[in-house]
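A, B and C label the chains in the order they appear, each numbered from 1.
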Amino acid sequence: MTTETTPERRPAPDRSTGGAAPAAPTAGRPGTWWRAALRHRLFWPVLALLLLLILNVFFTHSFFSIRLQQGHLYGSLISILLFGAPLILVALGMTLVIATGGIDLSVGAVVAISGALACLYISKESDQNSLTGMLVAVALSLGLGLVLGIWNGLLVARIGIQPIVATLILMVAGRGVAQLITSGQIITINSSPYGRIGGGYLLTLPFSILIVAAVVALLVTLTRRTALGLMVESVGGNAEASRLVGINARRIKVMVYMFCALCAAIAGLMISSNVSAADGNNAGLWIELDAILAVVIGGTSLTGGRFYIGGTVVGALIIQTLTTTIYTIGVPTQSTLVFKAVVVICVCLMQSPAFRQKVFSRRRRGPDRPAGVAPAGQPDVEPRLEVQA
Amino acid sequence: MSTVDTVANGQSRSPARQGLLRALRDRRLPVLLTAVLLLIMYGFGASRYQYENFLDPQVVYQLFVDNGYLLVAAIGATFVILTGGIDLSIGSVIGFTSMLTAALMTKAHLPLPLVALIALAAGSAGGFLMGYVIHTFQIQPFIVTLAGLFLFRGLCLVINKESISINNGLMTTLADTHVPVPAGWLSLGAVLAVGALAVAIYVLHYTRFGRRVYAIGGSEQSALLMGVPVGRTKIAVYTISGFCSALAGLLFVLYIQSGDPLHAVGLELDAIAAVVIGGTLLTGGSGYVLGTLLGVLMLGLTKTLISFEGTLSSWYSRIAIGVLLLLFILMQRLLSALQRLVRK
Amino acid sequence: MAQQQPVLEMTGISKEFPGVRALSDVDFRLFPGEIHALLGENGAGKSTLIKVLTGVYDQDAGSVTLDGQPVRITSPLQAQKAGISTVYQEVNLCPNLSVAENILLGREPVRGTKIRWKQMRREAAELVARVGLQLDVAAPLGNYPLAIQQLVAIVRAVGVTAVADGAVPTGTATEEAGQTEVAAVAERQGARAQVLILDEPTSSLDRGEVEQLFSVMRRLKAEGVAILFVSHFLDQIYEICDRMTILRNGRLVGEYPVRELDQMRLVQLMIGRDLGDLEELTEHIRPAVGEPVIQAQGVGRVGAIAPFDLDIHAGEVVGLAGLLGSGRTELARLLFGADPPDSGHVLIDGRPVALRRPAAAIHHSIAYCSENRRTEGLVPELTVRDNVILALQAARGWIRPLPGNQRDELVDRYIKALDIRPANPDLPVSSLSGGNQQKVLLARWLITQPRLMILDEPTRGIDVGAKAEIQKLVVSLSEDGMAVLYISAELEEVLRLSHTIGVLRDRKLVAQIRNDAGVTAGRIMETIASGASPDGAQS
């Protein structure tokens, strides 16, 4: 991948108006709040999400209504959250990995493995409805998820393999392992405690939404209440500077891959619990791609550095809402992927400095090129030798 | 590790050490190791299943017949990976080609040659677009080709949700054509794949374009300063990959005789794995197309061995591919570590 | 072949970057068949001038003529086509390709579309042989040491100049076998290199390799190539160059024949202001130093710096003087464990310690402000606050975050103490000016309360006000008992601040001079220029 050959990071432009500028400092002056909002990095993702949601109202008038039935909340918004839960989880883990400048392609495989192991264990229990059995199954799956995360982390941080290659190994082999666990079949189980993970309700809310909320809270606490977030961003933002202030980048990296795999394992439990079955072949298929997409939409750069948990959640919700929207407005569901492709390209183009420069600024080269910017990038420009008369 | 005294003067290396260093640095070494492992695996198969016709040369030919499309796809991937890029859209383009071909033939009733041309043009155009975006807007190939993956798979589903089977006389004749070779036969697809391999070897190793591909993989910045048209070459490489994927798609249709929106899901992983197992560095600049052939044969032989074993299920092949991948990546790390050690 | 028309003439070149005037009104001439040194310290404008010449930058004012023709060079590729080739310190070739491919990439011999490999190897071997090298041209370039790679880059850059310049066989059958090959290349190449820029080619070569390079340079010189040579090693300049151009602070100091300028005078022109000014400043030095905080005994690293002994006492400022590339930074990095030393040992408070990683050094209360603020110091996207607390937080570990109020209080205090502006800890650090970024780095390390502070060029590229503040800070820190290792390209600064001055030359600590009344800038410069310690090394 090209990440390795990228020359030194270019510092952000000397303006505080960049996408990452916090909104707070400009507050206070009247009339500038909307400008601050406009600059806020979450502005465009949230706007996109709102537009998508509003679009739905035209087709489903009851889209925003939420009703209480038998102590459970129902409604389109709740469904989006419910069906989006696994993706949000995986994307949360991916956020940290990407922030360190890495990537984890193996999350889909981990989703499949985790669901497979849990279902296998429960299916072997004499009483599938036993709570302890279910707890042991969950513990086993999460434990295995952590082990897989350590595996990825060691390959990346200790042996020094590029993240994309290192996690490709588990991506390829992992599906096989999942099928090995399920013996190539779809294991169906009938366990009410296990079914609660994906389909149960607590305090009127679907249990899986609560799990996601808990993981978000945990992640925010872990990264913003301890110094973990700072170190992750430091390692991803400037690896050499981080080494020189004494940060143990290896340990940080292993930790984020562990967390990522753990999130994927939880998502795997959720997915298999939702359908009361484990499908080694199809569970979590392409979820790694959706997760990466969600992270990128949320404003975290693929080159590492600052990460935005809120942005990732919004990004994942956009993807889920998109799927729902396509369904509700009657476009054939099969074009979801085409829409997704268009979204990916648009988001990436908007984030590409080269694109912005081409579109939004005059094409001038040479005199106003800032110092320190390598002359790369315009290789195909025909050299000109102007002889001045 | 008392390296202090030896490092001081570069001349103090012994001839034996120099020889070892040269051997370790030889770019053909990874390919050679793959070849050796391939032979060992074949030997293992031969000794274990000698009474089940494993020694029949047709077993080897069958590797080409069954994996021709993978070989063509992996050749395209080799071009891209040699420049240090990656193409995730391969599997989707193959699936798309199969759907497009099936739809055009069964619904629009176009003749096969025209359909083939349209399919190849579509694949190449897709590759060109991705290359253009990657180069012009400096977006990571990973993301752009990921979008390609979604797009082409989506287009598959847009064409038709269900699989379309092809009942075309010419197609059946072509699919059933057995090209005789000593002590066996090859399918038309396998012959085409071998032809594509020959062309790729020529292009990569005997033309200026091929040298540019390697130069970019070695160091894009240097290549630029040395006057290589980096942008054009990169776009060309993705176009080639798109073309190869479309060709692989046609071979796949020939092999399967149907179009299915879920054909070749994840095949890009197999292609990339074959390239890596064939000794090509994912960082670019080093490797051979011939190695890719060995990588494809390795994957094919693994599947063959598993099917000969009988009791093992198909998913073991995925695990085996992962293990092979790990093995070869670790080996590459080890080789470079050894180089450093010997140099000291 | 001395007095002809210059092959290259740059007149009145100016180049401005936001906030910095990198070049003002600089003239530069290059004659065919000469080796010309371009000299100057960091920020003198050498690299900007070279980048203007090679088309990386466009000048704001001034003109360039090549062979008497005015030209405007707009890209590196076009510079090459116009006959200006550059070989950089980091070899810009492809290590994965063979030597032959590297030399002939883009002008390979082909029949139809097919590369004629044998022909290509013959041609490359001949070109290589012409500069006196014997190489297996089929082997990958990466297999050869850097020196050879550099020579191959030169061969590629100028490969066929000589032939193009006159020795092309004119159809008579007198040529040797090799000549035809070279002529073939010349025909395909089209352009000829007449100006060769060697940008610090020798910085990582050993003596034998430098010899090899020099002999190639002499051959090319004899063939009429004009060579622009950049090196930090004065001996090399005096050995190989004919004339030199000296820049300082973006201005032209002058152009001199090498024979007419001795090393002492050269050093003065490069780094001195007027000597009179400097000598007055030495009176500010205060005596009084405490126990040794760190003692380096025979610490060294092959290729970076020769083994050295150095003690730094509590409350002492040790200044390092020496030209760029003399090993100042390398010495500092060894003491911080940024690069592990491969010989000697370090004592802290008299006890031996292993400083193989920065974390170990930080554990022993050593701090290091790198000279490369952007690449090795700041994390540009993070806020001022995060950048300031990074080192302290790393030392505490991630699990024990600084309590919010304590953190804010610390950050505010240091922002105030160092007068960092704007005084807003929430701004991304990349939005601050250079001087304020430097203060952020200082704050980062001061907050860890180090006993030894290593400052590598802390005042480079920042405005005068901030510079004075940082100097004052160093004085007050040492008065409070902190040991400081202070590196600066400006002798004035070193003399003003240091108790002891370590002098480096050619990657060696050649002298340690107590900065008492008798020490003058002249004496330090003499030591830098001659490499000999005036009164023997003392510690």
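The rule is simple: a contact is a pair of C-beta atoms (placed from the backbone, for glycine too) under 8 Å apart; a residue touches a chain by one contact, two chains touch by 3 or more.
This is a predicted model, so every value here is computed, not measured.
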>> So with touch defined the way it is at the top, what topology do the chains form here? Options are line, ring, star, complete, other.
In response: complete
> Based on CA centres, what chain would you say lies at the far end from subunit B?
Replying inline: C
> Which of the two pairs, A-B or B-C, is linked by more C-beta contacts?
Replying inline: A-B
> How many angstrom between the C-alpha centroids of subunit C and subunit B?
Replying inline: 44
> Per the centroid of Cα atoms for each chain, what is the distance between subunit A and subunit B, given in Å?
Replying inline: 29
> Can you list the subunit B residues in contact with two or more other chains?
Replying inline: 219, 221, 224, 228
>> Among all residues of subunit C, which ones touch two or more of the remaining chains?
In response: 76-77
>> Under the definition above, what is the set of subunit B residues touching subunit A in their complex?
In response: 84-86, 133, 136-144, 146-151, 153-155, 157-158, 161, 219-221, 224, 228-232, 261, 265, 269, 272-273, 276, 282-283, 313-323, 325-326, 329-330, 333
> In the complex of these two chains, what residues of subunit C are touching subunit A?
Replying inline: 17-18, 20, 22, 55-58, 60, 63, 69-78, 81-82, 336, 338, 357-359, 361-363, 368, 370, 374-382, 386, 389-391, 393-402, 424, 426-428, 430-431, 444
> If you look only at subunit A, which of its residues touch subunit C in the complex?
Replying inline: 8-9, 11-16, 18, 20-22, 24-25, 225-228, 230-231, 233-234, 237-238, 240-248, 252, 305-306, 366-367, 369-372, 375, 378, 381, 383-388
>> Applying the document's contact rule, which stretches of subunit A touch subunit B when the two form their complex?
In response: 1-5, 7, 103, 159-162, 164-166, 168-177, 179-180, 183-184, 280, 285, 289, 292-293, 296, 302, 332, 334-342, 344-345, 348-349, 352-355, 358, 374, 376-377, 379-380
>> Under the definition above, what is the set of subunit B residues touching subunit C in their complex?
In response: 3-4, 7-8, 10, 22, 25, 27, 202, 206-208, 211-212, 214-215, 217-219, 221-228, 285-286
